[in-house]
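Heads up, the next two complexes both have subunit A, just with different partners, subunit B and then subunit C.
On to the complex of A and B.
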């Protein structure tokens, strides 16, 4: 009962924040609101007992990406431009996509269903045998680092590639601007 | 000129604690929520906070960009290197049990600590490198435009 109330309140705040993000034109406020959005999502993950995910969401979503977005604003502009085209078609598209996604959830198992496919295939093995096989009390760590170590290596490679990409793009731009200034001078 | 005296004092107090917390999250990830990814982000936050308050030059004096760029690659190499070491010991790629063939679970634990360290190093490096890349460019907005 109390959990339902908490969930309803958190989701209501989440939706309110989302609308506020859409309606606001000052980008500084938008960045702060998206940090709030991430923190609320992290709280929802905590109520779902997914503390590892909540931890990541709070650190990355509310922490780092807010700082990086502020850095981006400092390099660009601080308010959105007025839209030049009508927003009817995009709205119809978004509503349609949302409806299809809702329709898709009808086939999914109920929340917390013990007979859901995800719960009966590998999860019991991880929960019962991982302490013997891996000797690590936190099952999330043993799954991420050992049972699915190759996946995690891929994730680290993705982070690596993203970092290299950002470095190449930003430093390349700086060099071009310096060349332009030299040409003007 | 010393602006933001309170921010400076609080930041100096906080940076050490944030780094300590990052190490806790890194090495206690086997027992509690956390791990290399979260620890890397928290570690990077300590340096980014320092850079935000004291300026880019100060933080780059502490943690020069060339070291950060090396760390980005070092973490991935450490992670993949553990896998290659497992292969050299005669087991599958990333089969950490090979690090201690008599107690497979001990080997698993050792392997997890090493690969989590790799994850943490790469994530710290990438986050700080991205922050340097953004903060190192001349901003178009002045302090009063916000």
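On to the complex of A and C.
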């Protein structure tokens, strides 16, 4: 019961934050609100038993991505123009997509159902045999580093590629700026 | 629609509301930083949906208790939530920050080139550039100008 109340309160806060992000035109406030959103998400993950995901979301979502976005608005601009286009088309699109997704959830098993297909296939193996096979108390760790280690290797490859991409896109930024200033001077 | 069905599915619908809020930001707002924030909201809502699929009623986080020597104690009475969605979403969060940082780097580069990060301004500049190019080379290429 208490869990449901916590969930409802967290949801109300999440939706309020998201709507505030829609309305705000100052980018600094938008970035801060997105940090708040990530932190609330982390709390929700704790109530859903995903403590490792909550840690990661708090560190990456509320920490690193907020810092990156602050860096971006420091290099670009701090405010946005008020939207000029009409919002009917986006609204229709969003409502339609939402309706399709809603239709999709009607077939899903109940929330928390222990006999749902997701629960009976692979998870019991990890929960019963990983003590023998891996001997690590945290099952998430044993899956991440051992059973699905290649997944994590692929993830490292993606992060490496993204890092190289960012470096290539931003390389010479300072040099070009200095040249521009010299031209103006 | 029974109450049980409603309570069992209302979580999914709330996630869809969050997801669609993020989607709305992406399609209706012209500022690129805001679009990225909207994309993040969308993404996080998908993560929530995934994690909620792994939740088992009365379950706890999938970490085994250990005794004072650090040996794992096996207790068949404890119900654990499904650890597999957690692992998949851990990977997805890190990949998400990688794509976000790439997008933000592109925004910095766009601002350098166009001196604006608003979609409307950039479309206008692009149209003007295309027009000027057509003026300059159009007749040589057999175009309208």
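Criterion: the second predicted complex is superposed on the first by the 171 of 185 C-alpha atoms of A that agree within 3 Å, B and C clash if a C-alpha of one lies under 4 Å from a C-alpha of the other, contacts with A are read in each partner's own complex, and residues count from 1 in each chain.
We adopt the following convention: a residue touches a chain if its C-beta (ideal position, glycine included) is under 8 Å from a C-beta of that chain, and two chains touch if they have at least 3 such contacts.
Quick caveat: nothing in here was measured; it's all calculated off a predicted structure.
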Using the touch definition from the top, say if A:171 reaches subunit B (first), subunit C (second), both or neither.
first
In this superposed model, does subunit C or subunit B come into contact with more residues of subunit A?
C
For A:56, decide between first (touching subunit B), second (touching subunit C), both and neither.
both
Return first, second, both or neither, reflecting whether A:162 touches subunit B, subunit C, both chains, or no partner chain.
both
With both complexes superposed on chain A, which partner does A:91 reach: first (subunit B), second (subunit C), both or neither?
second
Between subunit B (first) and subunit C (second), which does A:152 come into contact with in this model arrangement: first, second, both, or neither?
both
Tell me which partner A:112 touches in the superposition: subunit B (first), subunit C (second), both or neither.
second
With both complexes overlaid on chain A, does A:72 touch subunit B (first), subunit C (second), both or neither?
both
Would you check which partner chain A:28 touches, where first means subunit B only, second means subunit C only, and both and neither mean what they say?
first
Return first, second, both or neither, reflecting whether A:127 touches subunit B, subunit C, both chains, or no partner chain.
second
Using the superposition on chain A as set up above, list the residues of subunit A that contact both subunit B and subunit C.
51-52, 56, 60, 64, 68, 71-73, 75-77, 135, 137-138, 140, 144, 152, 155, 159, 162-163, 166, 170, 173
Please output the residues of subunit C touching subunit A within their complex, sorted ascending.
4-5, 7-14, 16-25, 27-31, 33-34, 36-38, 40-41, 44, 47-48, 51-66, 72, 74, 79-91, 93-102, 104-109, 111-112, 117-118, 120
In the complex, subunit B residues that touch subunit A
25, 29-35, 37-38, 41-42, 44-45, 48, 52, 69, 72-73, 75-76, 79-80, 83, 93-94, 96, 104-106, 108-109, 111-112, 115-116, 118-119, 122-123, 125-127, 129-131, 133-137, 139-141, 145-146
Which of the residues in subunit A come into contact with subunit B in the complex?
28, 51-52, 54-56, 59-60, 63-64, 67-68, 71-78, 132-138, 140-142, 144-146, 149-150, 152-153, 155-157, 159-160, 162-164, 166-167, 170-171, 173-174
Contacting residues of subunit A [partner subunit C, same complex]:
7, 11, 14-15, 18-19, 21-22, 27, 30-31, 34, 37-38, 41, 44-45, 48-53, 56-57, 60-61, 64-65, 68-69, 71-73, 75-77, 80-81, 83-85, 87, 90-91, 93-95, 97-98, 101-102, 105-106, 108-114, 116, 118-119, 122-123, 126-127, 131, 135, 137-140, 143-144, 148, 151-152, 155, 158-159, 161-163, 165-166, 169-170, 173, 176
